[in-house]
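What follows is one structure encoded as structure tokens, with my remarks underneath.
Read from first to last, the chains carry the letters A, B and C; within each, the first residue is number 1.
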Amino acid sequence: MIVNGQVRGASVPPETTLLQLLRDNFNLTGAKLGCDVGDCGACTVIVDGQAVNSCLMLAGQAEGRQILTIEGLASRERLHPIQTAFENSGALQCGFCGPGVLLSAKALLDENLNPSTQEIRDALSGNLCRCTGYTKMIEAVQDAARLLREESRTQLTHARTEATAP
Amino acid sequence: MKRRGRGIACMWYPIGFTVDANASAATVKVNEDGTATVLTGTVETGQGSLTVLGQIAAEALGIATDDVHVVSADTDTTPMDTGAIASRTTYVTGNAIWLAAEAAKAILFETAAPMLGVKVSQLEARDRKIQVKSFPQRNVSIGEVAHRSQVVLGQPAIGSASWNPPTVAMDPETGQGKPFATYVYATQIAEVDVDDETGEVEVLRIAAAHDCGTAINPMLVEGQVEGGISMGVGMALHEEMLFDANGRHINPNLTNYIMPTSLDMPEIAVDIVQGFDPTGPFGAKGVGEPTAVPTAAAILNAIHDAVGVRVTSLPATAEKVLTAIKAKRAAEVKQIPA
Amino acid sequence: MNEHSRVLERDELEIAETLRSPDVDLRLPAVLPREPYPIEPLTPDARQQTRAVGQRATRSDARLHGLGQTKYIDDLSFPGMLYARIKRAGIASARIKRIDTSAAEAMPGVMAVLTGKEIPTNSFGPTFQDQPVLADPIVRHAGDGVAAVAAVTEQIANEALAKIVVEYEPLPAVLDPVAAMREDSPKVHAPNSNIYATKVVRKGDIEKGFAESDRIFEARFSTQMIEHVSLEPHAAIADWDANGRLTIWATIGRITLARADMARTLKLPMSRIRIIGTIVGGNFGGKNEISQEPALALLSKKTGRPVKGVFTRGEEFTATTTRHPIIMDYKTGVSNKGRILARQIRLVLDGGAYCSWSATTLGKACILSPGPYKIDNVLAEAFVVYTNKTMTGAMRGFGAPQVCFAYESQMDDIAKALGIDPLEIRLLNAFDEGSSSPTGQVLHSVVVKESLRKAADRFGWEPRS
């Protein structure tokens, strides 16, 4: 499978979940064990573009797929706009649900750069948080959406400028 | 049909332990470049206490939040602390840190006074400088003072202190006494829609006005209010641990113990009530627990306003609310003359 | 025994890293390339301001949280680390007749087993030391731990629990706190009464107050047992060094007192104990005392290896403290204008199987129960009672949310009966600066009325005609 852009392989017992594979074998401890039965969303990762509870997916089912974990969001140069927005808004408190929430938000923004408040609530509805009441998270996702929209506009402008340059 | 209602609840809540000693100790070290390190035995449980404590130390030393590094939670290296409990961290640990910072600053002032040609009592720390009160043009950078103090004079600027809230024991017969050094106050007002055919309650919005003394970090105070309200919504409407007749748990899981999700949260408007408590660090009190206190009461009062039924046991599940609505209708029908 | 499934390679790409198969005895993590993150921190403006108080400063840990780099206890691992699990009684009230751990001990991969008898001081508690680390011999609630195992994998530890045989003699149980108050009820901590703490606040003359009242309102309110549900479960790691010094990484919010508790249960001097509080994924009161730590320490001592224990989500409900259910009887006398003249309160707290933070909760609930109101005549009596259910302890508010529900519900009932606006009746009665509390304390920095007016303004509260 491809995890955060790198090909990774492992040999594990068949009942191993994707969550166990990520945490125990690949040392990617960002995804958390909150309940192990898909109720809390702390284990959320993105598989082939979709946010999934990695505790409900077997490692074998992830074979050949593209996995994005929280460790793959930032680059050497900068934080992902979602991470920047969450940090500036004070949207995370204890941080345990954070990786799962950030990835659910990314999955939403990858599809929809202009989500309504209700759409954001829906996207986060599978991620339980006991600390924050979700309020600042929703604001942060809106901020991140705005940042991403601005970025894509800038890129478009550059592309047009290059295209029309003599 | 959906019926709208509104409900108020106000409350008071104490800071610290009931009468018993609950001290905090802290150490503040000013580094040779004028930045600082704080040692505290408290534990960051997610509420952001280490950031707030860093802000308190920074304010006392006249430097910025980012100049302070807070080290916590190791019994080998950090001083004792009664812990992150009873909303006491900002108030009790904060006071200890403030006192420790003042002690470290006193050493810096002793070094700076001859450098600036004035007495110690004429000095203040502001904007990363130690300057003369009412004549700030005469100043020296805190880094220079710290360096001189530690490296040249051999007097490192370290301060340690502890603080315990003053209380008076309660009389065993009457309970009269002073159990806490200070209290905080708050009001939450909730607006709900109650579906009178299903009993389901939707909390639409809550206006929350909370007192915390001085708000050291308003963003973190808001975070506590919003988080507390989410606990209150759960307590009011959904959460309950159930036991069977043999004392075994029926719902020890998150599938059947219903916790609020992002879909259950109302719109929240937070106001921080202006306040200043002279017994707290820079006037601050605390806010961690009070935010979860009035929510359920406000929601239940709003249900009462919406459909005229008084649910007296929590949680006010849809079942309970509907049963109460039906009982009320039945009672009203009986009263209509034939 | 185990079929291994192979993950196929892609033809076009080379594998960046091949992992060693995990050695069944040593769960060493494979060496991996560092994940990317920006090295230069961008510091937001608020953290650079030199008037620091009042700044909306971003948190110092926010960056690490957002990157997923914060290490909670379950993210830590040490070479040779073992995994511990605790066997839960599953029965509310019983005497343990016999525990047979031999089958579990014989399992390959199980390194040590522990029962209550092996714990030097098998009791702890912030007020009364009435709770055992592992029950021996009396089980008082279904989540009581009766034995612990340490094994090379969590799965083997789980399987070992099933192989531990415990013979119970069931004892009568009491689940309702009101029933538990009766003399003839089964005793949870025989021979002591089930009522394990009481509190009284008495001010003025309650009978006189009622006599002077125009109307009297009586009601009973009750609240439920609630669990903290921190997203991070209780977790700890125990390890010893060659000097006989114990280090515990724990999610406990009170490390100073945790060290004292560990010194007491293990009969060790405090200088030989180090408690490190890691970044916690939520506490809310549920992680303010030791629970499995002494057991982990002893398992670590037996095996000579670090031992990690992480509660399952189920154990979070069955074996950790909860919020007290309270039954609250309120009798309030008012004047026709809505002034509260007298308030009599009786609180019965369901105190669960062990005291934990119940005495503190009792005290706070009792003191706060009259509400933030000027009342000359107050009588508040509170009782906390043992039952054979999960222990009730500290949870955000220590009884305040429960009593607030009661006193504010009744306030609205009074307002409705007298035809007074709910905001007005509260402004009429609320504390002022310098008011006397129910315990006779002169209050300072009082802003109840300001909070009422501010919230009403923000909400848009208009009195109805």
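Criterion: a residue touches a chain if its C-beta (ideal position, glycine included) is under 8 Å from a C-beta of that chain, and two chains touch if they have at least 3 such contacts.
Just so we're clear, the structure is a prediction, and the values are computed from it rather than from any experiment.
Two chain pairs, A-C and A-B, are compared here, and A-C has more C-beta pairs in contact (counted per touch definition above). At the far end from subunit B, in terms of centres built from Cα atoms, lies A.
Distance from the subunit B centre to the subunit C centre is 18 Å, each centre being the mean of its Cα atoms. Distance between subunit A and subunit B, defined via averaged C-alpha coordinates, is recorded as 30 Å. Counting partners per residue, subunit B has 45-46, 48, 219-220, 228, 231, 253-254, 259 as the residues that reach two or more other chains. Under the contact definition stated at the top, the residues of subunit A that touch 2 or more other chains are 35, 37, 39-40, 90, 94-96, 128-131. Residues of subunit C found to touch two or more other chains are 56, 58-59, 61, 229, 279-282, 284, 313. Subunit B contributes residues 45-48, 219-220, 222-223, 226-231, 253-255, 259-263, 265, 268 to its touches with subunit A in the complex.
Interface residues of subunit B, counted against subunit C in their complex, comprise 6-14, 17-19, 41, 43-46, 48, 50-51, 54-56, 58-59, 62-66, 70, 72-76, 80-86, 126-128, 168, 170, 173-180, 182-183, 185-189, 191, 205, 207-211, 213-220, 228, 231-232, 234-235, 239-241, 243, 245-249, 251-254, 257, 259, 269, 271, 273-279, 282, 284-285, 288-290, 292-298, 300-301, 304-305, 310, 312-315. Residue ranges of subunit A in contact with subunit B, taken from their complex: 35, 37, 39-40, 89-90, 93-96, 120-122, 124-138.
For subunit C in complex with subunit B, the touching residues are 43, 46-61, 90-93, 141-143, 173, 175, 199-203, 219-227, 229, 252-257, 259, 273-285, 287-288, 313-314, 316-318, 322, 360, 363-364, 366-368, 371-372, 380, 388-390, 394, 396-398, 400-401, 404-405, 407-409, 412-413, 416, 422-423, 426, 430-431, 438-441, 443-448, 450-452, 454-456, 458-459, 461. Interface of subunit C with subunit A (complex): residues 2-10, 13-19, 21-22, 27, 29-30, 32-33, 35-39, 44, 56, 58-59, 61-72, 74-75, 228-233, 279-282, 284, 310, 312-313.
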